[in-house]
Amino acid sequence: MTFIYPGSFDPVTNGHMDIIERSARLADKLIVVVMTNTNKKPLFTAAERAGHLRALTAGLPAVEVDCWEGLQAEYSALKEADAIIRGVRNCTDFDFEMQIAQANKLLRPETETLLIPASGKYACVSSGLAKEIAACGGSLRGIVPDLVIEDYYRKRGDK
Amino acid sequence: MTFIYPGSFDPVTNGHMDIIERSARLADKLIVVVMTNTNKKPLFTAAERAGHLRALTAGLPAVEVDCWEGLQAEYSALKEADAIIRGVRNCTDFDFEMQIAQANKLLRPETETLLIPASGKYACVSSGLAKEIAACGGSLRGIVPDLVIEDYYRKRGDK
Amino acid sequence: MTFIYPGSFDPVTNGHMDIIERSARLADKLIVVVMTNTNKKPLFTAAERAGHLRALTAGLPAVEVDCWEGLQAEYSALKEADAIIRGVRNCTDFDFEMQIAQANKLLRPETETLLIPASGKYACVSSGLAKEIAACGGSLRGIVPDLVIEDYYRKRGDK
Amino acid sequence: MTFIYPGSFDPVTNGHMDIIERSARLADKLIVVVMTNTNKKPLFTAAERAGHLRALTAGLPAVEVDCWEGLQAEYSALKEADAIIRGVRNCTDFDFEMQIAQANKLLRPETETLLIPASGKYACVSSGLAKEIAACGGSLRGIVPDLVIEDYYRKRGDK
Amino acid sequence: MTFIYPGSFDPVTNGHMDIIERSARLADKLIVVVMTNTNKKPLFTAAERAGHLRALTAGLPAVEVDCWEGLQAEYSALKEADAIIRGVRNCTDFDFEMQIAQANKLLRPETETLLIPASGKYACVSSGLAKEIAACGGSLRGIVPDLVIEDYYRKRGDK
Amino acid sequence: MTFIYPGSFDPVTNGHMDIIERSARLADKLIVVVMTNTNKKPLFTAAERAGHLRALTAGLPAVEVDCWEGLQAEYSALKEADAIIRGVRNCTDFDFEMQIAQANKLLRPETETLLIPASGKYACVSSGLAKEIAACGGSLRGIVPDLVIEDYYRKRGDK
């Protein structure tokens, strides 16, 4: 089976890594797809985010990393994906993911959506939280992988 | 009874049309009101949106279309509306609509809010989804009425 | 328009009365229907509940009271109801009502469901709460109509 | 991959069949497991339910049907299941499934839970709804498979 | 401040103990109240449950344990409690607790309700889960305190 | 006990005042903290908002007002706060607050979060609603304190 795990990953969090590790065991191939069509000004460029994901998944042979500017359903069709993987933490996430899942089913019926319950310890972890903590100068330890923390400070030092 | 159905309708979706058709049967007059006080840059102007709605409801004699820049409660008072109609798809919608309904009740106690359950097949359909699919060049067929799709491509062709 | 408001009404609460008064203004006829097909041992018999509702709605000429043992959709068909009215207080209510509404739509497409937001002050009021308070010997004042309180104590005195 | 799909299936609904057909395409083996440890008096015996499922999945070679009286986590361990499949329709379902998923993860960390969004048209379909409609003498057409409807009437006729 | 933490505690779980330890630090006195007015056949008698709680909170000087058959609001009045403490795990819990909190406020305005977010690792833990695992012969380790596990097996051995 | 109640308070609403009055009775000191690190263009400056809060809490000796640009967890550490107070109205609020609470627990384990159920009559009241009504020229009476209404019109008159 080929699964895709689309997201902004800006930045990759420990919650994302948990979903990747758990779903990689269920697929022959898991393509983690950095979606680049968002309007929001990113913390990291799509190439940087893909770089983080490649480094962090180096030990997971089933995982590939890619970038995509367009609809998830188009990417699913291109890769003939069997399923789209998404992590869910709470009802607000769930309502959002159900809408996206139904839309993707409408646009590309051959690809299912599989929602993976977030681990309890990552229930608060999100890219948005990481950005807010970083903006306030707080510590990201335990929220995003060390590699991403280092890159974040290296980038800030550059400026 | 006079019901009003306020919304941005940017663009009108098949989900909106389903709510209009179902609620028009319950009222002597149903005024579909294009709200124009939003800050968001619209896809279609208020006049264009009202035009779409007028064309799409031409066969529904109980339906009128209007535009309004202001509070829903003020428009309800102006038209002596008996009820405001809103479609709801999920809990996130519901929490939002409950707050608006309670606020409208506070500002204009004579007008009730009636929430109509979205049809299952339109549970994912929203103006936001339509905009996102359009921005990615995907097909809007089945999500917004054909008339709106044609107008969207005509507008893009103009530019 | 003919609306029906089905429920167990065991006992009628001030929250039910609020929904009845608000929706009676929107219909030519509002039939409050005591559903009797539940397995739960009732506090009041269906006839007693209908009696309470008749007394409490005596001043509302649009309101009729009836009893029904069967599906809501069958009763809707029998009365050619245009809509079923249901009050909703929170997401748990909403999820439940959405399922019932979709089932009723499947069984009887001609009848819509209209969800009315419960008034803030009745957000905690339910027949279940009333039963629990009564079982503990607490005061039902403000939760159910005085007429129902009196009948409750009269019944207990009988035993 | 081996997936299990546990449930009471009393009776099997069209919503269950939709989840089975969709998830069977994602697994090498999908074991549909009739859980028999519930206290509720069943409509059909576990053997009857398993019979319905076997007949209904005869065309799906990846699907096996089994019965189990015990914890899902124990069955997962016995079959070395890679994932447990569960359908979700709304937030109430979701909150329930998240708790079960976390409990199963605690008891058997090697097995993931994958939540599959119910199709919009089956959002109201449940075994509970089917039982209620059947108890009121309503039509189950479109809610449960024809085979189950026939068996239900055959059983009633027996009595 | 005097806080009360009412519950069935049948059995006490590690999730309950987490709420007790966290809220005991916020009060001069925290009274854990075993509510005994439920209809459900209990696993442990009220006296046994109070015994478990007393043993488990022996090291927390601010904590008292009591039993009560009646309304929470009456107990709050009796003890002049400043607040009722309740743990919440998800939206379903939240909707339930909001109703109870509003009812308690109505019956006893001087006592507030404070909802404490359950720790992520206890998001699945409940007395109901413990009972279900126990009924299936599964291990309760990590879900309820060891003392409760031992007492559970001692009781079963008695029979 | 020292509690903090962080928020934007732009503007202070009657819902905020209700939470302040109710939680002030539960603490030796309640610090209402105007958070100033938001990107949104405020209606009132942080100093103006703090001024409103100081005037409105003048009769509550346990209440202090402060401003903070940074993480809540840092402020909690600085003041050695025992708990963070937050009002919750519905599931959408709840999901958001649960994430913030878990993040604050991660960053500063010594400080608990206590969620206080919003009063039914303030279930629709928010700073966002107040801003929207103000922008449309509607009346803020009953939604924000009179003092804030006056200051709002005084500021508009200045321009």
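Observations, loosely collected:
Order of writing sets the chain letters: A, B, C, D, E and F. Residues in each chain are counted from 1.
The rule is short, and it goes like this: a contact is a pair of C-beta atoms (placed from the backbone, for glycine too) under 8 Å apart; a residue touches a chain by one contact, two chains touch by 3 or more.
Here the structure is a predicted model, which means the values were calculated and not measured.
Shared contacts of chain A and chain D, meaning chains that touch the two of them, come down to B, E. Of all residue numbers that take part in the contact between chain D and chain E, under half occur on both sides, making this a different-residue interface.
A centroid comparison over C-alpha atoms places B as the chain most distant from chain E.
In this assembly, the chain whose C-alpha centre lies farthest from chain A is C.
Distance between chain B and chain F, defined via averaged C-alpha coordinates, is recorded as 33 Å.
Taking each chain's centre as the average of its CA atoms, chain B and chain D sit 38 Å apart.
Multi-chain contact residues of chain A (touching two or more other chains): 90-92, 95, 98, 101-102, 119-120, 123-124.
Every pair of chains that touch is listed here: A-B, A-D, A-E, A-F, B-C, B-D, B-F, C-D, C-E, C-F, D-E, E-F. In the complex of the two chains, the chain F residues touching chain E come out as 1, 22-23, 25-26, 82-83, 88, 91, 94-95, 97-98, 101-102, 105, 112-117, 119-120. Looking at the complex, you find that chain D touches chain C at residues 89-93, 123-126, 129, 132-133, 135-139, 142-143.
For chain C in complex with chain F, the residues that touch the partner chain are 90-91, 119-124. Chain contact summary for the complex, chain E toward chain C: residues 37, 70-71, 73-74, 91-92, 95-96, 98-103, 106-107.
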